[in-house]
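The two complexes that follow have chain A in common; it is paired with chain B in the first and with chain C in the second.
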Partner chain A sequence: MAEEITLSVFRGDRSGGREQEYKIPAMTGMVVLDALHYIQAHQAPDLAVRWNCKAAHCGSCSAEINGSAKLLCKTRVDDYENEVIHVRPMHTFPVIKDLVTDVSWNYEKLRQIPAFQPAINAPFTLQQRDVDRLQEFRRCIECFLCQNICHVLRDHDAKDAYWGPRMMIRISELQMHPLDTADRLDLLKGAAGIGYCNITKCCTVVCPQGINITENGIIPMKESVADKYFDPLGGLVRKMHK
Partner chain B sequence: MAQPAQAVHGGKTGSAWWVEPYLTVLALGLFGLYSIWLVFFQHTGQFHNYLSPFFSPTQSWGIKVLPALWVLWVPLLFRATCYYYRKEIYRGFFHDPMACGIPESRRKFYFGETRFPFIWTNLHRWFWYLALVVLVFLWIDAIRAFIFPNGFGVGLGSIIMLVNVVLLTLYSLSCHAFRHLVGGGSTRFSCADGSPTTRYKLWRTVSDLNQRHGLFAWISMFSVWFTDVYIRMLIYGVIHPVRFF
Partner chain C sequence: MSENIESHSYDILIIGSGGAGLRAAIAAAEGGAKVAVLGKSLLGKAHTVMAEGGVAASLGNVDPDDGWETHFYDTMRSGHFINNYKTAEVFSKEAPQRVLELEQWGAVFDRTPEGKIMQRPFGAHTFRRLAHVGDRTGMELIRTLEQKILTTNVDVFQEITATKLFLDNGRIAGAVAYYREDGRFALFAAKAVVIATGGWGKLFKVTSNSWESTGDGAALAFRAGAELIDMEMVQFHPTGMVWPPGVRGILVTEGVRGEGGLLRNSEGERFMEKYDPQRMELSSRDVVARGIYKEAQAGRGTPHGGAWLDITHRGPEYIKRKLPGMYQQFMALADVDITKTPFEVGPTIHYTMGGLKVDAYSCATNVPGLFAAGECAAGLHGANRLGGNSLSDILVFGKRAGDGALEFIQGNEGMPRIDEGEVQAEIQRVLAPVGKEDGENPYAIHERLQEIMADHAGISRTGSDLEKGLELILELKERSRNMVAPGSRAFNPGWHTVQDVSNMITLSEAIVRGAIERKESRGAQWRLDFPDELEEFGKVNFVHKLEDGEVKTYTSPVPEMPKELQELFELGAAPGVAKSGKKE
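This part shows the complex of A and B:
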């Protein structure tokens, strides 16, 4: 490994900014977040970076490293041998300062999703196989890398029309619960805009938790919407079956 | 609003992200052109007991239409609305986006699958139902490919047709819409005694197959193509039929 690493880090705020180069000594096992902490400690104490657990569990340190959406704490610098490491904030959300972005829009949308409405009061017992699907979605650490890479939000800035992959799997988690009684399909087709997703699967590619967002969350929800709105025959069969 | 500063490195640096979309355009484009050539310039796909999948079934029940077009629209729409192909088509043909993180050239007028024509992708299950009907005919054709004038036999064409229909079956049964229909739409996978429901077992099996849906999509498309090319070469006398016994 090279003795010195060059990082080009975005410095700026909502009004604009540019990348600034820093050279730091390489250390064994160093991740990009370590490199940024070194810069903070020795060269730029005013460098803003959001982080918390440094163990890929809190989802705070999302950023773009050489154009790819990643967690700073999970990306080793030796993955970029002989390359300048470009570190930028998430493109989809407004910059507050340097690498810190304003992700509050995601929390606003999460609050708009109708909460779990159980048919019976807790405590209840469920078979593991009935909750396996939900537990995959509960691994989400809300790093919002999926929201950042989703081209509907990133390139088309269609936040008013589509709530993004994170909200889709939150709704999936609730919809697939065996005891939930709420119907969120109108929301999915309407305000949450599931039809805007064209299944290009970038959300799944960037998920640091390995959640199969598209295959296990979004597509089943698209099919549930198709059940209700695009399949009158299936609807009739289900009604008769009940 | 997204952040004001445009990313310097909008896409994945150092990776050949453009290979996949261009290969998709090449493969699907060539297959599309070949299909158009068959529809407008070829009138049969029959060579003795071998029948090209593009021309099956041969019965048209009195409906006057070009022989290949009679059937072709069903698998074409089934594949065009397939969740796997949608990803490849949007990336390759519409650059929506070409690859993850690659900035799009067309930023206005994106409606996803909420308006015509892409809202039709919601009808995927209907094309799946129709594709199953075609699949039944293809199985009949594959069985007929083993029946020669002198009785049962095995030729190279018989094996090609059998492999083709097996791959098409795998592609059809690994479909996302089928996965949802067999059990994905259910929220309960356990019986009252705690044992797994039949729907759960079916859903698990289809889910396992579904993980290879993309693979089945490509190899079944190439097998259809190859089967027709083989039979067409027999029709034109370019090659002679190989009979094992």
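This part shows the complex of A and C:
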């Protein structure tokens, strides 16, 4: 492994900025976040980067490394041998400073999703096979990399029309809970804009938790919406079969 | 030059947005109070998210003989009886309710074949007791609370750092804080304040803790006159990653041993046989951590100074289902496939048992109107915490602190007054390092503090090491007054580190002073010069107070258990196991 690593890190704020180069000593097993910490401690104490756990549990350190949306804490420096490592903030959200972006829009949308409304009081009787799918969705660490990469949000900035994969997964998880009684299909079809997703699966590819966002979440929800709004007869038949 | 600042007024102000803070906020809001939560991170990112193994509660879903008495018994025994028994009693009784409530709010736990919440075995728990979701239980817990908060009438302030608490004639009056985004200050007047800011594992270099665990709330409360207790008790988790260097300290859940993982030294010996032949790998954390440390000291360690942990006999499918996070963590960060090969683990700083001294029922500190819950508070865990007890701790006492604050404001309705001059002075103090180039680098001061703590107040301690450590901390405290933060106020991590380091230095002094006074070995405190647990020290807790800027240390008697609780320890075995036990 090279003894010295070169990083080119975006420095700037809402008004603009540019990449700046830093050279730092390599360490075995180093991740990009370690490299940024080294820069903070020795070269640029005010370099802004958001992080918490450094163990891929919290989803704070989302960024773009050589053009790919990744967690800084999970990306090894030795994946980029003999390359300059370019680190930039997520593109889809406004930059606050350096690598830190304003992700508050996501929390606004999370607030607008009707909460879990169970039919009965806990303790519940639920089979593991019935909760496997929910648990898959609940692995989400809210890193918002899927939101960042979703082309509806990224390229078209259509945040007013589509709430993005994270919200689709949250709604899916509630809709698929065997004991939930609320209906969020109106929301999905309307304000949350599930129709805008055209299943390019970019979100699934980028998910650091390996959640099958498109196949297991968005497509079944699209089907539920289609059943309810566009296929009343088929919907009725399916209901009778249940 | 005085700052024009944003001003807020709340019934109850909660500082800290981890599990304890969010649970307190829900309780306070449900009681009709106007509530704000301040967190220095984004919502849902707090250190709670790192808890892996499970939440301990005697639901009795897999072992029907379990009950609150046995949970109480295990908790007191692991704490080596310097815990507050009242705290442990309400905790054991209320934990199951708090877990079920999470299910009601949308948490999805792993299930038993009958469809109940699954419970796994864990170190020093008599029964299988930890409700869990694979190895990401803390994430499930904080996500559930986050989702509840987002649909509850609570104002959440994200990425905001509180720097000082204010008093009005001895009663709590509020806090001042700055937004990390742009360094703008805001004043929060409040009738009651709940501190829920977690522990201070970042005092040590090798730690499983996230960056936030810098003890801010405990230090703020201490400066406002609150008492600290049991500060010498800092838990080493036996199993952190040890290689490569960048990941040293990251947690390897006790769930690996709970699911059958075996510990071996370099000679292939299951060495726990020597240290706890009955409970083996599932002994209490202090015992396992010392076992690994002693083996490495004796030259029987792994290449990087730890022990081998082996779970391969459970088979790849089972491991990937029950420990998916661990599987991925080792694959991604260490190039190790734990389904195929044993892996290296070693002790890592994990939890601070000590903290703010609080009432067992209301979580009130000695400062009127100031409450504390979760890792920043003390009393439940004594000299050593049981795995899984921290998650139930934050739920039980988060709620109790919220309720305690509600009750307080019912008797103290007026909004206290905060002195404008004091606020401005505090803002000037906090701003002083910003933009300065010449002075101490806060990152370097932090690193030095971590070295001092590791060398002088680590897993094994002696009186002379501790005395030297205290001297070095006091020197560093002087140097730290000159910390600088080049750059602007806008999201400036160097400046944020200045506040963190000041708070950690305050607490490190109390830790070392407590460790010097406790001239015995008990739980997490291992004194090479006093290797035995001594009866006289089992009767006292060490309490620290700030008096005229100086840390003063006193003893306080350990509350004595009433007869009916004492009898639980005289059955010859744990309640529920013993023939004469109440659970029979």
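Definition applied: the second predicted complex is superposed on the first by the 237 of 242 C-alpha atoms of A that agree within 3 Å, B and C clash if a C-alpha of one lies under 4 Å from a C-alpha of the other, contacts with A are read in each partner's own complex, and residues count from 1 in each chain.
The working rule: a residue touches a chain if its C-beta (ideal position, glycine included) is under 8 Å from a C-beta of that chain, and two chains touch if they have at least 3 such contacts.
The model shown is predicted, which means the values in this text are computed figures rather than measured ones.
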{"item": "First, second, both or neither for A:227, with chain B first and chain C second", "value": "first"}
{"item": "Which superposed partner A:118 touches (first chain B, second chain C, both, neither)", "value": "second"}
{"item": "Partner chain in contact with A:12 - chain B first, chain C second, else both or neither", "value": "first"}
{"item": "Chain B versus chain C as contact partner of A:100, first or second or both or neither", "value": "second"}
{"item": "Partner chain(s) touched by A:155 [first = chain B, second = chain C, both, neither]", "value": "first"}
{"item": "First (chain B), second (chain C), both or neither touched by A:82", "value": "neither"}
{"item": "Chain B versus chain C as contact partner of A:54, first or second or both or neither", "value": "second"}
{"item": "Shared chain A contacts, counted only where both chain B and chain C touch the same residue", "value": "127, 177"}
{"item": "Of chain A, residues touching chain B in the complex", "value": "10, 12, 14-19, 64, 66-69, 83, 86, 88-95, 101, 127, 129-130, 149, 151-158, 162, 175-178, 180, 193, 195-202, 205-206, 215, 219-220, 222-227, 229-231, 234"}
{"item": "Chain C partner contacts - residues on chain A that touch it in the complex", "value": "13, 27-31, 34, 40-42, 45-60, 74, 76, 96-98, 100, 102-104, 107, 110-111, 114-116, 118, 121-128, 131, 134-135, 138-142, 174, 177"}
{"item": "Interface residues, chain B side, partner chain A - complex", "value": "1-5, 7-14, 83, 86-87, 90-91, 96-97, 100-101, 103-104, 107, 110-114, 118-119, 122-126, 176-177, 180-181, 184-185, 187-190, 194, 196, 200, 210-211"}
{"item": "Complex contact set, residues of chain C against chain A", "value": "41-47, 49-50, 59, 100-101, 103-106, 108, 110-111, 114-117, 133-134, 136, 138-140, 143, 147-148, 150-151, 158, 181, 210-212, 243-247, 250-251, 325, 328-329, 332-334, 441-444, 447, 485-488, 490-495, 497"}
